[in-house]
Amino acid sequence: MNVAVVGATGYGSGELVRILSRHPHVKIHSLVSSSRAGERLGTVFPHLAHLEHTLEEWNVDKLAKQVDVVFFAAPAGVSSEWLPPLAEEGVVAIDLAGDFRLEPEVYQQWYGQNPPPTAWLNQAQYGLSEWNAEAIAQADVIANPGCYPTAALLALLPLVQAGALEATPLVIDGKSGISGAGRGLKLGSLFGEVEGNVFSYKVGKHQHTPEMERILALWGKESHRVIFTPQIVPMSRGILVTGYGKLRQGWSEKDLRDCWKAAYEQAPFIRLLEEDRWPRTKEVRGSNFCDLQLHVDHRTGHVVLAAAIDNLVKGAAGQAVQNLNLRMGWPETAGLTMDPLFP
Amino acid sequence: MNVAVVGATGYGSGELVRILSRHPHVKIHSLVSSSRAGERLGTVFPHLAHLEHTLEEWNVDKLAKQVDVVFFAAPAGVSSEWLPPLAEEGVVAIDLAGDFRLEPEVYQQWYGQNPPPTAWLNQAQYGLSEWNAEAIAQADVIANPGCYPTAALLALLPLVQAGALEATPLVIDGKSGISGAGRGLKLGSLFGEVEGNVFSYKVGKHQHTPEMERILALWGKESHRVIFTPQIVPMSRGILVTGYGKLRQGWSEKDLRDCWKAAYEQAPFIRLLEEDRWPRTKEVRGSNFCDLQLHVDHRTGHVVLAAAIDNLVKGAAGQAVQNLNLRMGWPETAGLTMDPLFP
Amino acid sequence: MNVAVVGATGYGSGELVRILSRHPHVKIHSLVSSSRAGERLGTVFPHLAHLEHTLEEWNVDKLAKQVDVVFFAAPAGVSSEWLPPLAEEGVVAIDLAGDFRLEPEVYQQWYGQNPPPTAWLNQAQYGLSEWNAEAIAQADVIANPGCYPTAALLALLPLVQAGALEATPLVIDGKSGISGAGRGLKLGSLFGEVEGNVFSYKVGKHQHTPEMERILALWGKESHRVIFTPQIVPMSRGILVTGYGKLRQGWSEKDLRDCWKAAYEQAPFIRLLEEDRWPRTKEVRGSNFCDLQLHVDHRTGHVVLAAAIDNLVKGAAGQAVQNLNLRMGWPETAGLTMDPLFP
Amino acid sequence: MNVAVVGATGYGSGELVRILSRHPHVKIHSLVSSSRAGERLGTVFPHLAHLEHTLEEWNVDKLAKQVDVVFFAAPAGVSSEWLPPLAEEGVVAIDLAGDFRLEPEVYQQWYGQNPPPTAWLNQAQYGLSEWNAEAIAQADVIANPGCYPTAALLALLPLVQAGALEATPLVIDGKSGISGAGRGLKLGSLFGEVEGNVFSYKVGKHQHTPEMERILALWGKESHRVIFTPQIVPMSRGILVTGYGKLRQGWSEKDLRDCWKAAYEQAPFIRLLEEDRWPRTKEVRGSNFCDLQLHVDHRTGHVVLAAAIDNLVKGAAGQAVQNLNLRMGWPETAGLTMDPLFP
């Protein structure tokens, strides 16, 4: 099966190429980058210099004829424009940007950009693999989830769906490595600015907020406002999400654990940690795992949750390939068996 | 004025020596370390090898005769035993451990150790410099605050005192460099384990929880439960605390900012950042500053607060010296004018 | 094929398990750790908690009966004692420590320990895969090279063998991540001590010095003294070796590159970088690659070489598996196709 | 005394402001930045937001009238043009760039830029404080040394001057934090590219090479070629230089140490470490110290040297202030008493 990656110069694309090039059922046919077309992959990603690829111009006709699946790993706005013509031609599209994740007016409000055509937006399935496998298996457009929502929703959905949490606002405190900010040249991404530093950003304004709220309402069957504060921590990869919610009367820690167990019994990438062992981003680094833990604070009647993922793998490229597997009926773990890299 | 530092081999003590050795009104008379008595300071702290000190045994009689002030920078439990005999002799004691910060039964419960003698506990003043200057100026025993409570309380107290926050639990999500775990040999403090890693620890059990609650009730005049989750981030120094609380009806972001301004107009170490600029630990590194910012999230009626300090300076040694200054009637900034080290 | 790992709690062993557990022709039969026997692998290495293994006591009879290959990843001295009884029983042994790499008196001098029995020492083949494939294919004891020698020798051997370098001392300046120091509890391995720090250690005394000299003389056909200075840099993984040697009259940069090309044309893990692109440890992280570059400094008639490897992979576990592949006649890259993890 | 800093937005300038703002005899009168004139200092350097300064346009007339000393902390080429007019007016100029450090044709060759006017070049004194104090005390133009040369020359000069080293090429292997590359937006300075990475750059081409050679010949009284390879290591600050030279017959380790002792007996910023303790960049971080150590390798007859400095302090801003002190006849340590920040 021939696949293409569009927007092939960011950190997420590097991961897609790393994973796809070892995938047993896939051949990387094209890497598309309008800004660096003609350059060899190894110039952009020297760590992958042994893979012989050359970046290409965007050419919808060629792609439509020659590839079966296209991954869009470009900034928000690109897939709104470029994805529909390809999808028209029957190419399966997996979008790693936010364009197809939200209601159009919400997208416009939080992203400040025009939403994609409604017809295609309506086709799109939200690609949280563990929660939407059946629909993904049929979908022609898959909206791969954001990195923070992936971690937060995997932890929260089983509890919200079970009705364990009061319908008060949930606090989601995120900590991310800087690769989430991309490979673009920004002062705030320089080593000197990130090293030895922790700081919040986009407080009250991060576009992943409505994504979490939408899916909680849709699949959790209960509306929760989310107060989401992302932070940059001095590392390249990884997200830790700490979540706080008020428990409904009568729910015990064991009940909550049982919800998780029931939800993830068959999920190869979800690891429910032993009690007292809390998720660490380095223990999932480079892998598609999501590690989960929770604690009920009896003094306050709240649950404290933690979820760790590699933002570039389960939070982006890895889940995109997991969705490809679901879409194609391959084993869910095909091409995704790499273990975490530690230390 | 002659001072001594007891427990002189930890990271906090290194900072005490760094600061005190340049303090205009102070002479370091003794550095006490029972485990490494007889060694030169430069053996323990090579970065201070140019300072000529030798570590000494604990000798209460000698200290009582020769020094005016003793800083206790030893693990919890030591000052409970060693501080009272010195204080009896009229030596001013500043304790950087938790022994004198809590009600005895609460101390016992959260620290798992016997509390100090009640008589001396009752003498102790909580050394949050900006909030207790008058009492500190008279105190013979000063309980220097914990690192997380320093950051959290400086942000919260003006708002709680003004009655801006509903009496629901406050969420305090802390992010700390690993120096807070001390210089002891633990697997979890190895570079290979901390680098590229973020993780929660002591969830629901951290001993700084009751410290925050006590002071909020005492000085904020309103009881709040605190849900406190500390996290280790891969850096040596610095704490960022993100706080979440529900606003009472009618409070605006401007009102909250006015509370902060009123509280800290004269405070030389509190920097209220311009709107939209969020505290970064690296911008206070090595200094005694505490940087503050807040945001009112209208969607949820909550305030999100952030406070950044250097855990070893404003969160430990720096504030201890600030308290010494208050106690002695010196300028509050004496010996504390070092600017942050960036990058 | 059943394999065992002895000394299964260090960082190098973690890598062995990571690689072997995905190897197409291998089954991990036993993980031996006398200090932590009975514990689950996930307790020691939480990142591998999904692999179901329990650490076992050392039991030579059981191993001799049940496994085909044993990897020794224990501190120097262990394999000298434990390896021979297993080898007697026909088990193939791959030793990652230094015991079988040196002449006995040199080992004694640089390691300060008794050398292994001479009979078995004489059996051992030095496992620099690219340079000794034929002998490795027959060997029953394989002495896996040290991390620094792997990088240095891969760069130097083609040039020394060709007679390009004068027989003056070679300067080898090494830079290593801290994982090379192991997972033991040492002050110098704490995050606070390593972060933001670079320093030399074991200057003039590092045990990899005679290992480089021996192999240069043996396979390079010319004796060179090596002046080797290792440095710790603040990262977990990776080694960069910078080498300096005086060129013999008449040798050009192109000649040297041709030596490298001839030596490594068929070597799947050696990447000769384009001119002006210098090896970076992060571009080989987690992989079995060795990246090489050189420059002839016409002002001084010297060549400057650089080699980058992941010290835990090509410098330890990866090369050990590469040697297993050579020994078993499997494809050299079996189980070693993981690409570098970047960023 | 009024001073100005020209080029006030780089990391080195941030350090100049940090140091000068606490200097007992100095008032910062102007901070000049053509690119960001009109902005507040705190916008460029939030860590210094408490200092009330606004960046200004370059105005030679105003500066000439109002300030006594100007520090040039701009990229190479700027001071060649801007410094002479100010110096004409009697303003003392301290240049942190390379313009005034080399013979004109060598500057042209290595920097690829036109050298400054010869008249002023001839006035310039090389500001290696410990080696040129008398001339600096009279100089109107001080060429502050490069960061690598500062470390390398402080280690080498006493030995070269004593004739201890054979006149063969010296190997200088440098390791620097990324702040040496400035605060400009370059892919290679991003956190994701620097973290977990070590790599050489400008091999055989670094402009500090002729600077070392010139001063060794001038003050060491013996010509040595230098083979200099700089490396970036994943930290913000600090330089470690490892040097290798061949000893002349008859020189012992003790002789070399005696050379160092004689040279630096009165030098307040040079710390000769105890035997077996090797310089660590973190033990000088934020301070003006240079830590030195050496070892004679009897196997090869070479000396191995190491020098650690903070590249932004002793390697730039700190030494510039030290030179100011020498020029003004103030105590050499005025404004430079800050101890290293550890951990």
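All chains are identified by letter, namely A, B, C and D, in their written order; residue positions are counted from 1 within each chain.
Keep in mind that, in the parts below, a residue touches a chain if its C-beta (ideal position, glycine included) is under 8 Å from a C-beta of that chain, and two chains touch if they have at least 3 such contacts.
Treat the numbers as computed from the prediction; the structure is a model and nothing was measured.
> Count the C-beta pairs in contact for C-D and for A-C, then report the pair with the higher count.
More contacting C-beta pairs are found at C-D.
> Most remote chain relative to chain A, going by C-alpha centroids?
So the farthest one, by centre of C-alpha atoms, is D.
> Between chain C and chain D, what distance separates the C-alpha centroids? Give it in angstrom.
Here the centre of chain D sits 38 Å away from the centre of chain C.
> Calculate how many whole Å lie between the centre of chain A and the centre of chain D, each centre taken as the average of the chain's C-alpha atoms.
Those two chain centres are 46 Å apart.
> At what distance in angstrom does the C-alpha mean of chain C lie from that of chain A?
Between these chains, centre-to-centre, one finds 36 Å.
> Which residue numbers or ranges of chain A touch two or more of the other chains?
11, 179, 192-193, 195-196, 234-237, 280, 282-283, 285, 343
> Give every residue of chain A touching chain C within the complex, in rising order.
11, 14, 18, 21-22, 45-51, 179, 195-196, 236-237, 271, 273, 277, 280, 282-287, 289, 337-343
> Could you list, by residue number, the parts of chain A that touch chain B in their complex?
For chain A paired with chain B, touching residues are 169, 171, 173, 175, 177, 192-193, 195-201, 203-204, 225, 227, 229, 231, 233-238, 240, 242, 244, 278-283, 285, 293, 295, 297, 299-300, 302, 304, 306, 308, 343.
> Which residues, counting only chain D, touch chain A once they are in their complex?
Chain D residues touching chain A: 11, 178-179, 183, 185-187, 189-196, 234-236.
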